[in-house]
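Right after this note come the structures.
Consider the two complexes below, in which subunit A is the common component and subunit B and subunit C are the respective partners.
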Partner chain A sequence: MRPGLPLLWRRTVERYNLVGSRCETCGTHFIPARNICPKCRRKGKIVPYKFSGRGKIYTYTIIRVAPEGYEFFVPYALAIIELEEGARITGQVVDIHPDDVKIGMPVEMVFRKIHEDGDEGLITYGFKFRPVNEVHQ
Partner chain B sequence: MRKVAVVGVGMSKFGELWDLNLRDLVVQAGINAIKDANIDGTEIKALYGGTMASGRLIGQEHIAALIVDAMGLNPIPATRVEGACASGGLALRNAYFAIASGAYDCVVVGGVEKMTDATTAEAVTALGGAGDQEWELLQGATFPGLYALMARRHMLEYGTTEEMLAAAAVKNHANAMHNKYAQFHNPITIEDVLHSKKVADPLKVLDCSPITDGAAAVILMDLEKAKEHTDNYVEIAASAQASDTVALHDRESLTEIRAAQIAAREAYRQAGITPKDIDVAEVHDCFTIAEIMAIEDVGFFPKGQGGRATLDGETKIGGTIPVNTSGGLKACGHPVGATGVKQVVELTWQLRGEAEGRQVADAQYGLAHNVGGSGATCVVHILKKP
Partner chain C sequence: MTIGIVGYGVDIPRYRIKAGEIARVWGEDEARIIDGLGLSEKSVPGLDEDAATLAVNAARRAVRHAGIDPQRIGSIFVGSESHPYAVKPTATIVAEAIGATPDLYAADHEFACKAGTAGVINSYALIKAGEIEYGLGIGADTSQGRPGDALEYSAGAGAAAFILGKERVIAKIEHIYAFTTDTPDFWRREYAKYPSHGGRFTGPPGYFRHVMGGVKGLLAKAGTEPKDYAYAVFHQPNGKFPRAVAKQLGFTKEQIEPGLITPLIGNTYSAASLIGLAATLDVARPGDKILVASFGSGAGSDAFHIEVTDEIERKRNAVPVRLVITNKEYLDYGTYAKHRKKLIM
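Entry: the complex of A and B
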């Protein structure tokens, strides 16, 4: 699907800053934000939560046949990242050759262009992940 | 609840069928099923239609009304059921309830998808709608990509290899050789799979089910009425369904489809049997890794052993548990909404001893496992020979 303007605008804060939610009753973190905690249900107390953006690669693939609008990036590494708060999220891994991506690799969120809709259409921004230089940690 | 029987089944050819439209496909399947049931169309009191993405693929919604009209069955009620790639299985389950509840004595289930009018890119994008549009697809995920993420974890946690995955595709192509309705009639080797074009590592193009046009239909009847009508019926011994998170990343484990495990457990309970009692199964092999996980999830093999069992030939016809005798989604084809219905068509032929060159000897119980998306919906049916 080619995302429409309202879809992209509506969640810009969450997508640009990795803002989700947290259940204060059980301590579980959610991204995207959930308004109902599946574990605690009515006993849950949900508050907004900004994730640190740091985590580790839980699993990955290299996309070689891309959806419409993503052909320019091929081949690109797509991963599920386990964030340090425990929640997992899907995103691309950049600033590294896709063949060098490994499970367990520490990564951090970066703000990047997600795709362009032609020369005059919308440019979508959001999060991707890049390897953390462990020397500087 | 009343017991339910399958009294007639039929399907269209599966494949790249440029000369046939959605109406042609569904009417072919429907006529075949009505002839097979040896009933008059006026005995059918309701229709349930399974289709996933007709709006995106051919610009046509309101599919159940279109089918009932094309079949000449107006004015019976017609209802569309959608659950991504599990749409067919869900339509069947709703039809099952319509009989079990006593609302109707005889209904028809049709599953259909007309996919090749769209370009491959359009079809891939339409199928992406089964995932989380905002938090998976927008990040650049594809369906092969999501299953590749599962495959990578399965390989890490259980030592599953690309050869083991390939063995599922090789077996399904071999089975499809004996199915005249199948999309592909070409045998392939493990080497062919391993050297085919990479799509989303570790999955190659021959690990993936194709884009297919096709339809399948099943006539259901109250079991007691079915006994009066024919000797050639098959009983639906169980119908079970479960749900999970739409986004793959929200699941605790990526090496199993929990909704499938829960639905299978419930199905065995309803039928009063165990996985060992199943003689033949049709499972949802949209990708080779999906078949490996499926045969573990429904309890045919212990967790992590599905790849080894497949490579060792245990799921071939003549093996301990023949899986996807039709050729599966991989080689019979995957017209998304038709798939869950086609699984029950194949099992009915198997239990009636009519599966020609791919017959499993003395099949008493058959299991159908139909998955929507990356596992957010799963429906399992068990069929029993009377």
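Entry: the complex of A and C
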């Protein structure tokens, strides 16, 4: 089912630029952004934070039976990425054969098409991850 | 007043298909195709790549190269003949993704293969008028050729983004000139998936008349001759036309070779002449003069006289075009057809 336009629009900056939040009191980073720091509670000071986009693969799975809209991609790797700031986020790993994906592999954010709502609906863009090599700086 | 390039970046998909693989499917003679078009493979976008994603990734590299705060960018113009939406700008997607919103001028351009240089000229003009500090011009395309048509061998995918400004300029834009007429050499009607073209008519009355008109007009304006330039970049719909037009205009093979990228990745349409310029700047030295002439069917040519400054040695592009191109994976025709949505489901 298509998410509502306001929800997609509210998350544009987060999805395009990997923007989450950071607690200035304890230095913990969050993505998706949190409004309250679970450690510092009332003493926490939350500010928006743009992640560098670099990280490594914490764990991954290979999708062979894809949800609607992703059938053409199979088999593809879906990974939990540990960003260099410490927060973890789920994302597709692209520009690599899924058999070559390894835990600990350095990756970086890349801007890609996430979903197309049929031929007439909205195209959703955002972050995916690709292996870091000398070509990607 | 010095206005010029302060940073640039390209994005080229990693997928390729060889001309021989396309020729095999359509029963053509591989050697004849490669010899006729002057190219042996072309780039193919990934399943999740389109003109907008290529434009964004090229623009992000350009911002890093320029080393500027994207909030100081006052204009973004994206030229393409494959904008993902018929109505909804690609330029706004780029603006949001590089963090340049909301204080800027933004629009999409279409002029076949020269929409990218048209965007560069628009940003140049706004800077010259004193309206903005930095401006971005982008050419991005994921072009399609009709299956079996000669265009299918050459229609590639890629993007190039150029940031213009007045400070820390690596290459000054000293003169611009454009040559424009109404010429029906190539077109795509609204709702049509593939373009139509006039075959050989795209040559002399289309590409050659306009590129030569653009270059001659620019040389007259700048008071220069072909030998004054270290390098020249011409629009490259295939590997043959730019070599032929260079010869006719009196430019040497050495002057055009660094910027001749189409033989390696196909015709990237709005990005083609700009990727050629990027590859040329990758190797250019301070003091070098570069001539660029784009071409867009319909038809017109934008020509630029560019002079490289000392700043280029302090601000080299970290991801040279010829390095980006080395990252590649070949597709067979079936997978390519899936990537280009040529299959009826």
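Note that in this section the second predicted complex is superposed on the first by the 132 of 137 C-alpha atoms of A that agree within 3 Å, B and C clash if a C-alpha of one lies under 4 Å from a C-alpha of the other, contacts with A are read in each partner's own complex, and residues count from 1 in each chain.
To be clear about the criterion, a residue touches a chain if its C-beta (ideal position, glycine included) is under 8 Å from a C-beta of that chain, and two chains touch if they have at least 3 such contacts.
Note that this is a predicted model, so its numbers are computed, not measured.
Using the contact criterion defined above for the overlaid structures, shared-chain residue A:I114 touches subunit B and also reaches subunit C. When both complexes are overlaid on chain A, the residue A:F73 reaches subunit B and subunit C alike.
In the superposed pair of complexes, A:G4 makes contact with neither subunit B nor subunit C. More subunit A residues lie in contact with B than with the other chain of the pair subunit B and subunit C. Judged by the touch definition given at the top, the superposed model places A:N133 against subunit C, while subunit B stays out of reach.
Legend: residue contacts after superposition of the two complexes on their common chain; A:P48 is shown touching neither subunit B nor subunit C. Once chain A of one complex is fitted onto chain A of the other, the partner contacts of A:G27 are absent, as it touches neither subunit B nor subunit C. Touch criterion met: A:T12 reaches subunit C, while subunit B stays clear of it.
Once the two complexes are overlaid on the shared chain, A:I123 sits against subunit C while remaining clear of subunit B.
Counting contacts as defined above, subunit A residues 73, 92, 114 meet subunit B in one complex and subunit C in the other. Those residues of subunit B that touch subunit A in the shared complex are 121-122, 124-125, 128-129, 133-142, 144-145, 148-150, 152-153, 156, 197-203, 247-250, 254. By the touch rule above, subunit A contacts subunit B in their complex via residues 1, 3, 7, 11, 32, 58-68, 70, 73, 76, 78-80, 88-92, 103, 114-115, 124, 126.
Chain contact summary for the complex, subunit A toward subunit C: residues 12-13, 16-17, 72-73, 92, 94-95, 110-114, 123, 125, 128, 133-137. In the complex of the two chains, the subunit C residues touching subunit A come out as 14, 46-50, 52-53, 56-57, 60, 84-85, 93, 96-97, 99, 318-319, 323-324, 326-327, 338.
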